[in-house]
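Working notes, beginning with the structure itself.
Naming follows writing order (A, B and C), and every chain is counted from residue 1.
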C-alpha cells in the first residue's frame, strides 16, 4: 500500500440525527495513518456518531469528512468502502447465514453489480478467515456461534473488505477478557505488520492505553484531549471526561499508563502523573 | 372528573335525540319528544319510525359501543399494550366465524342461538390465543401476533362459508359481517343488556384488580394478586362483552381501541373512572358513526363498521406514528 | 457458484421438473377430467376438440396465473424480509396486496377502466402507496409494529373497498371472486397482458439477488460495505411493487405465500439470497398451484386459492411468532 499523505479526518464537521440538535458540532479530527487510534468517552458522547461520520454513513450538516485531502463525498459509496471498512456495534446476521457467506459479503465493494466471483475475492475471504482463526467455522451459521466467535466472524467480514482503514465500534464489548485481548492483538498486528489504520471505540482505558498509539478523549461531542496515551491519560483529563477521580500508575512491562479509580477520597492526589 | 362525565352524558343525549330526529324523514324535536312520551296527537307512522325503528337502533348503538369500549379497556389493561383491541386480537373474527355458521344455516338452526354462538366463538378464540401464546408465560407481543394469525384463519373460514353458502343468506351475512345496526330490534337490545350489564358491573367493581394488573406481573404478584387467574377471568369478561356486541351488530372495528385511549386522556388511568368513561365514549362513537353511516349517502346505508374503520384506522395509524421511537 | 452450487442446481432442476409435472396435471383437474397425456397433446398439438379448448382457454390461463402469481409473491416476500430485516414481512401482511386490490376496485368503479392492461397500473400505484404508508407508520426496531401497521392499513383499505363495492353492484360482481383470491375464470388475454410486467420484475429480482444479502445485514453494515442503500432500497421497492402489483392484478390478494415459502426455503438454503430467490420462485409457484388445484382434485370443490393459502399460512405465521428468536422476548 502506498504512503497516504493525509489519511482520514474531519474538518469542522457537524453531525446529528434528524431529531434533537446535532450530536457533534464543528469537530475537526485527524486520524493518524498507520496507527491504532482509540476513541474514548462516556456513553452518548458522540463516539459512534464520529465513527459513522468517518465511514460516510452520515453526511455532515456542515463541514466535511476528508480522505487524503479530498472530501469523501467525491468518492462513490463503493470506492469509499474499499478504503474505509466499518464494523458496526449492533450488527446481527440473519438467521442461518454461515460464516463463509457473511465474510463473502465483505467483498461487496470490490465487485461490479453483475460481476462474477473472482480468485482475488476468494483469496481475500480465505485470508480474512485465516487471520481471525475462523477457517474451521466457515460453514457454521453465525447465530450458532459464541459471542467471541461471532465478533471474530464480523471482523473477518471487515477484513475481507481489504480497506486500509478500519473503523470498529466497540469491538470488545460483550467479550470475555481472553477474546478482548484476542481482538485487540489482531488490531495491533494489522497496524504493525500490514500498515493498516485502525480506529476503535473502546471503553476500557487500560486496554486502550496498552494497545492503541493514539487516544482521543471525547465528551459532549467535543475533543477534550488527544495524543499518545502517556500524555493524554492524566487524572485531570479523565476527571474532565468521565467525572471520575483516578490515579495513574505505570505498567511495569510496557510503561503504558494504567488508570485506576480512587477509593472514595481515601487517596491523595498524585501530582506527578 | 364529574364535569367530564356530565359533558359526555350531555353529548350522548344530544346525539341520541339527533339519531331519533334525523333520517329519510326528518322530524322536528317536538314530534320526537311527543312520540317518545306517547302523546296522543302523534300520527301512527311517525310513532313507528321513532319508537319502532330509530329508538331501538340508537339504543343498540349505545349498548354496543359501551360494550366494545369496556372490552377494549380490559384488553389494554390485561395485555399492557396500548394497541390491543378485541378486533385486532381476533376475538371479533372468532365471534364472526361462529355467527357466519349460524346465519348461513338459518333454515336449520334457530337465530336465537346467535348470541350463544358468537360468545362461544369469542371465548374459543381467546382460549386458543392463550393456548398458543403460552410458553411458560405469555408476552403481550406474542398474544397480538398470534391474534393476527388466528384472525386471518377465522377470516378465511368465514370467506370459505361465504363462497359455498346459499347466495341470499350469504348476502345477509356479508352486511352483518361489515358490522351493521340496520337490523336493530328490541329483542337484540334485550339480549345484549342481559349478557353485558352483569359483566359490566362486575368489571367495574373489580376495577382495582385492573389497576394492579396494568402495573405488571411482578408488581401485581408482590401485592398478592393471583395474576394468571385474574387475567383469564378478565379476558373471559372481555370475550362476553365483545361476543355479545358482535352478536348484536357484527364485528365493529377500532371502537375498542379508540374509546379507552380517549377515556384515559379525559378520565385518567384509574379504572374505576376509566371503565365508565370508556363505555360512554364507545357509546358516543358508535352512535355518531351510525348516524354518519345512515346519513352520508342516503338512501343508501353504509354499515357502521365501515365508518368506524374509516375513522379508527387513521387513529390507530396516528398512535403507531406517535410511538414510533419506542 | 460455491461448492454446494452443483448439488443446489440439481435440486433446483428436479424441483422445476416437479413443477412442470404438477402444472400439466393441474390442467387436467376439473369438471371434466383430462389425462396428462391429453393435456400435453392439447398444448403441443391442439386439434380443436373440446378437450383442447378446455385446456387452452380455461385451464391454461388459470394455472398460468397461479404459477406466476405464486412465484412473484414468494420472491416479493423474501425481498421484503431482506429490506425490512423483519421475518414477518410479506406483501399480504404488510398491506401491499390490499393496496393493489383497493386501487383496482377504485379504477373499476370510478374510472370505468376494465382492460387488464390498464388495471395493472392501478394495481402498481395502489401497491406502492400502501407499501409506503405501512413503512412510514411501522418502520422501527420492533418487528411487530410493521405487522400492526400492515393490519391497520389492510383493514382501512378493506373498509373503503367494501363501501365502494356496496355502492357499485357491477364492480362487486366483477371482483367478488377475485378479492377472495380465486383463480377461477381468468382470461388468457388478461394473463398475457400482465405477464410481461411480472416476468420482468422476476428477472430484475434474480439479477439483483446478490444485493439483498448485503441489505439483509442491516443498514449500518450495508452502508459500511459501500452499498448505495437509497438506490438499492428504491430498486428493491420497485421490484416488490412490480411483483406484488402484477400478482394481485392477476390472481387477487393472495396472502401468506410470501411468508411461508421464503422461510421454508431458508431452512434448506441458508441466508444467501442468490440461492434463496430461485427456490422461492419455484416454491411459491408450487404452493399456490397446489392450493388452487388440490381442493378441486380431492373434494371436487372450487375453493379460492386465497382461502386455502390462509388456512395453510396462518398456522405457519403463528408457529413463526411462537418460535422466532427476534420475537421471543
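Heads up, the rule we're going with is that a contact is a pair of C-beta atoms (placed from the backbone, for glycine too) under 8 Å apart; a residue touches a chain by one contact, two chains touch by 3 or more.
Which chain is which protein? Per UniProt: A = Iron complex transport system ATP-binding protein; B, C = Iron complex transport system permease protein.
Since this is a predicted model, take the numbers as computed values, not measurements.
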Exercise. Have a look at A-C versus B-C and report the one with more C-beta pairs in contact.
Key: B-C
Quiz item: In terms of CA centroid distance, which chain is the most far removed from subunit B?
Solution: A
Quiz item: Per-chain C-alpha centres versus the global one: which chain is nearest?
Solution: C
Quiz item: Measuring from the mean C-alpha position of subunit A to the mean C-alpha position of subunit B, what distance in angstrom results?
Solution: 56
Quiz item: For subunit B and subunit C, what's the span in angstrom between their mean Cα positions?
Solution: 34
Quiz item: How big is the gap, in whole Å, between where the Cα atoms of subunit A centre and where those of subunit C centre?
Solution: 43
Quiz item: What parts of subunit B, by residue number, touch at least two of the other chains?
Solution: 325
Self-check item: subunit C residues counted as touching two or more neighbouring chains
Solution: none
Quiz item: In their shared complex, at which residues does subunit A touch subunit C?
Solution: 52, 55-57, 76-82, 85-88, 90-98, 100-102, 105-106, 108-109, 111, 113-114, 117, 141, 143, 158, 161
Self-check item: subunit A-facing residues of subunit C, complex
Solution: 1-2, 82, 85, 87, 207, 210-211, 213-214, 216-218, 220-221, 223-228, 266-267, 270-272, 325
Quiz item: Which residues of subunit B touch subunit C in their complex?
Solution: 83, 87-88, 132-133, 135, 139, 141-142, 144-146, 148-150, 152-153, 155-157, 159-160, 162-164, 178, 253, 297, 300, 302-303, 305-306, 309-310, 313-314, 316-317, 320-321, 324-326
Quiz item: What residues of subunit C sit close enough to touch subunit B in their complex?
Solution: 88, 93, 133, 136-140, 142, 144-145, 147-149, 151-153, 155-156, 158-160, 162-163, 166-167, 180, 255-256, 301, 303-304, 306-307, 310-311, 313-315, 317-318, 321-322, 327, 329
